[in-house]
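There's a structure below that I have some questions on.
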Amino acid sequence: MKVGVVTFPGSLDDRDAQRAVRRAGAEAVSLWHGSHDLEGVDAIVLPGGFSYGDYLRCGAIAARSPIMTEVIAAANAGLPVLGICNGFQILVEAHLLPGGLIRNNHGDFVCRDQRLRVENASTAWTNGFTVGQEITIPLKNAEGGFIVDAETLKRIEGEGQVAFRYLDVNPNGSLDDIAGLTNAGGNVVGLMPHPEHAIEPGFGPDTPDAMRSGTDGITFFTSVLQSALARA
Amino acid sequence: MNALVDSVATAEATPEKEQPYAALGLKADEYQSIRDILGRRPTSGELAMYSVMWSEHCSYKSSKVWLRQFGEKVSPEMTKNLMVGMGENAGVVDIGEGWAVTFKIESHNHPSYIEPFQGAATGVGGIVRDIISMGARPVAVMDALRFGAIDHPDTARVLPGVVSGISFYANCLGLPNIGGETWFDPIYQANPLVNALAVGVLRHEDLHLANAKGAGNKVVLFGARTGGDGIGGASILASDTFSAGGPTKRPAVQVGDPFAEKVLIECCLELFAGDLVKGIQDLGAAGISCATSELASNGDGGMQVSLDEVLLRDPTLTAEEILMSESQERMMAIVEPDKLEGFLAVTRKWDVETSVLGEVTETGRLIITWHGETIVDVDPRTVAVDGPVYNRPLSYPTWMDALNADSAEKFLRPSDGATLREQLLTLIGSANLADKSWVTSQYDRYVMGNTALSYPDDAGMIRVDEESGLGVALATDANGRYAYLDPYVGAQLALAEAYRNVAVTGATPVAVSDCLNFGSPENPEVMWQFSRAVEGLADGCLELGIPVTGGNVSFYNQTGDVPIHPTPVVAVMGVIDDVGRRVPSGWQDSGDNLYLLGSTHLELDGSAWAGVIHGHLGGKPPKPHLTREHDLAELLSAAAHEGLLNAAHDLSDGGLATAVVDASLRFGIGARIWLDELLERDQIDPLTALFSESGARVIVAVPREEDVKFLRLCEGRNYPVARIGVTDRGADGAGADLEVQDLFTISLKELRTASRATMVEHFGAVVGYAADLSGSGIHRAPGGGRISE
Amino acid sequence: MPTIVVEVMPKSELLDPAGKAVTGALTRLGKSEFSAVRIGKRFELTVDGAVTEAILAEAQQLADDMLSNSVIEDVVRVYVLEKTVLESAPA
Amino acid sequence: MPTIVVEVMPKSELLDPAGKAVTGALTRLGKSEFSAVRIGKRFELTVDGAVTEAILAEAQQLADDMLSNSVIEDVVRVYVLEKTVLESAPA
């Protein structure tokens, strides 16, 4: 199985996402923002970072790059796409997921080990979790505040499109403590925290067992392998 | 002849023309030597170049004679792993397995006072470009910061600006922040110190030096366009007091664009990997003046460039302004003609604007043209290398003896539990010892996925090789209070502390970089402080057997006539063969034995206790014990290697008491401490045991099953060791305590509240504090597994 | 060279935390005459040559498609900058 | 309620990284009629009650002291919003 990781100018966590894909047992394929070729991958990760410096709006310029034309088409055709942090912002700017992500309500960048509750365990990227499962994933961003109009909020809540919710503390003022979303098809998932930074003992978040031993993030990547097998 | 251009021909024709050398920061005799070198008056372009390159900031004219010691006081042992030593953009150290590491620390103090956000941001940008120019991939940053009083209104402007500037730039570059310092002292009120460190890694074969060799090779400028920002920055901002601000019609500040720099990093790495460049030089202070003259001096000595080819952001810039502009995110490369096409293909791929300015020659002259006229014709070495060198007068400060005589021993040392408890709470809530999450939670510590240690551990640690686990640890330290009392000793104590902070992680210290922040070199007392600090550092490095690989000097840090405390910031790098064996600074388990390594003396002068409890600074700083530091580091590395340590934390500001508080709060596990044996052995009182700042001391947590082995190790190495307590998670649900037997007990909750309140009170909330006052806590079952996989 | 200005504001129904933070700061400073602050963006597009109807339409299009995100923002105004207006203060 | 608008732009001599990134994006999209973009801020201050000269002066003061950073930004304009002007597009 091949999972593509797109590099935009200013992507930062692209190599980390590739490492996560490899550790989950898949082949990581590096995709370039300026190309129209998805190289036959079975799933795509839009990684974290500051594409184009996040200068206009986070993800806005990247969402209009050549490769995104293909990503949008493929996503609409059911290909699994995961947007992490900046990738989530790109998905929102590309209208593959609803709402918008704006400056954190406290105004600053924040990096912390964040507890989350899994709200939807039937997407391509979350099927290895169970609903209600509590996981810890590093979060690091300045613009992760999710906003959306009241009507859409009601709809996505009602239709189970909230994939993850913040526990303990809402680190950015997101509506309804929303940390991540899925589309109606369950193939497109976006979230602000970084699963690719909780995949390897020694380099993840602290856990009750030992320092930096958290590996909850690997399940995102093993889930997509599972769903690809199921589809095959 | 073009009337608007001050060409060489014009200069020859108008020898008597008055030139504004003084406004550019040159002294009359310096101006005269430029005339002597050239045999005529300089053109205005040449004057611009000489003035920035001969500034204190670029030429090190006051410090050079002293800095030589770093190269002279070395043993063969110290240089055997040094691939590149002092004098290059950054030193390079062989760390084994074919890997090399380059690191350097640099100041951006004055710009950060004027515009804290942009000043600090561009400080990070500048040091990272130094690392790139060596052929390395930058992998982490650190920041050593000093501000005025925590409650001064201007600190409320400067600190948040500086922190968000660093956060903005480094986070956007994708470099984890793995440590630093945040100090407050009124002495830095109008002169904050912003020292940024960057570290990069490379394979041995990827090492590149910036020099212009090979006649006919192209000189290429790439990256951001050149604009009018930061003109005069090098000479006026970085090496003069604010009161003396010179005339600047262009803005003195520079605006950073981390996105442009991130793209530049990837672009440069691809150029190096494709073997498309001979060398790359970063553009920092003095911009094109510096890059052309340094590249030429380090190469075959000749270069011909046309300024008309420089891509401008502002078309109204004059030639002199182009030469002096400090626009950020620019690089200059030397490219062989047949590789130029490939070079341009890579810069085009990354959308990086590029222009060919000229080529390397064998003339020995740096010739710069503009609008068809020659405006610079110089021997580049006279600009970049053979600048003025001063042996500035020194004088032993008149106030020194009285200061040293005023010891903190005059203060009563209470021994009752209630007072000691109170003093401990005051200390850990004091500005310098309080929890710094307000700062560090704004920094990305995860990006790149190789961070093995970061805040709040004693050193940051980065994995270099994913297969073997080979890694490096880094710490920065300085204590301006100690250095004020004795600059020689103060520099050694900074070195010792950074060294120890690296050693406690299990890494072996191997190299040093430093950033020497001082007042005006024209003040003989400051010059004395400087000379003593350099001597102390050089002697200390020789004694420890680790070389200084590079660094930076920042003079003129003063408000009016009052210089800052001498502040030699020392960065130490260490190597560890498997980061999986790293040791954190906090207890991880209940029931571990706590051992204090080293001995404690009555050394309270200049201590946090004297400063915080008594508002006092006087006497003589603690005695450095460098050979013991060395022995201690070897002991720690051996113990870590054998897996005997669950935690190790060095003792520094605030002594044993704050060390046990830090170590307890790290994972929310408490401890019971007893002092009797220590008091008896070292002949000290309880207050001295708790708050003295004697060096070469570390507290370690040893799992019971490793006790025998550990003690045998200490005995074998003849290092003083005393069992002073045991870690204790506390009864189920009750939360843990820190108990100092027969004196006092404080709950971790109360300690955490005291430690966290200070920064929050002055700068605002920290995300997550309210939710987790009980601590994030590792609550591992006894006998749980080790850190590594 | 002529300049086209594009003004974009956060949708009034949606949260504007930055504006809220400034409002809070004003209240703390005792400037209660200002009851709310909202923060949007102001773009200046430099046009090479004259501003034709077509170019203005193009700018409007850009404002809608790229310079703003219609899910969370409104384009308030797109207009050609009259240099003379600019220099003076209160209009 | 009346609204005072404050317009702030990055100083023209200084780099505007955000504007530069958007200019680059426009070039890639083939919109070369726009040769440069600069991005500033637009504040809307809601005033409780009538806008007196004093309040306008206060807003100007705020614009200079707090809403902009004079080292790197210029206050372009401070004015009272005429609702009618606002609704229509090109002025």
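Note that the chains are named A, B, C and D in the order they appear, and that numbering of residues resets to 1 at the start of each chain.
Assume contacts are C-beta pairs under 8 Å (C-beta built on N, C-alpha and C of every residue); 3 or more make two chains touch, one makes a residue touch a chain.
The structure presented is a predicted model; accordingly, all values stated were derived computationally and were not measured.
Asker: Could you quickly compare A-D and B-D and let me know which has more C-beta contacts?
Answerer: Spelling it out, more C-beta pairs touch across B-D than across the other pair.
Asker: Calculate how many whole Å lie between the centre of subunit A and the centre of subunit D, each centre taken as the average of the chain's C-alpha atoms.
Answerer: Averaging C-alpha atoms per chain gives centres 34 Å apart.
Asker: Averaging over Cα atoms per chain, report the distance between subunit B and subunit D in Å.
Answerer: Here subunit B and subunit D have centroids separated by 39 Å.
Asker: On a C-alpha centroid basis, what's the spacing between subunit A and subunit B, in Å?
Answerer: 35
Asker: Please compute the C-alpha centroid of subunit C, do the same for subunit D, then give the distance between them in whole Å.
Answerer: That pair's centroid distance is 6 Å.
Asker: So which bits of subunit A are touching at least two other chains?
Answerer: Subunit A, residues with two or more chain partners: 52-53, 55-56, 64, 106.
Asker: For subunit D, write out the residues touching at least two other chains, lowest number first.
Answerer: Those would be 17, 21-22, 24-25, 39.
Asker: Which subunit B residues reach two or more other chains?
Answerer: If we look for residues of subunit B contacting two or more partner chains, we find 257, 259-260, 351.
Asker: So which chains actually touch one another? I want all the pairs, not just one.
Answerer: Chains touch in the following pairs: A-B, A-C, A-D, B-D, C-D.
Asker: Using the touch definition from the top, list the residues of subunit D that touch subunit A in their complex.
Answerer: Counting only subunit D, the residues touching subunit A are 17-18, 21-22, 24-25, 29, 39.
Asker: Within their complex, state which residues of subunit B touch subunit D.
Answerer: Residues 114-115, 118, 224, 227-229, 250-251, 253-257, 259-260, 313-314, 327-328, 351 of subunit B touch subunit D in their complex.
Asker: Using the touch definition up top, name the residues of subunit D that touch subunit B in the complex.
Answerer: So the residues of subunit D touching subunit B come out as 10-11, 13-17, 20-21, 24, 69, 71-72.
Asker: Please give the residue numbers of subunit C that touch subunit D in the complex, ascending.
Answerer: 1, 4, 7-9, 19, 22, 25-26, 31-49, 55-56, 58-60, 62, 66-67, 76-80, 86, 89-91
Asker: So in the complex, the part of subunit A that touches subunit B is made up of which residues?
Answerer: Residue list for subunit A touching subunit B: 9-10, 12-13, 15-16, 19, 34, 48-50, 52-55, 106, 108-113, 138, 140, 142, 168-169, 171, 194, 196-197, 199-203, 206-213.
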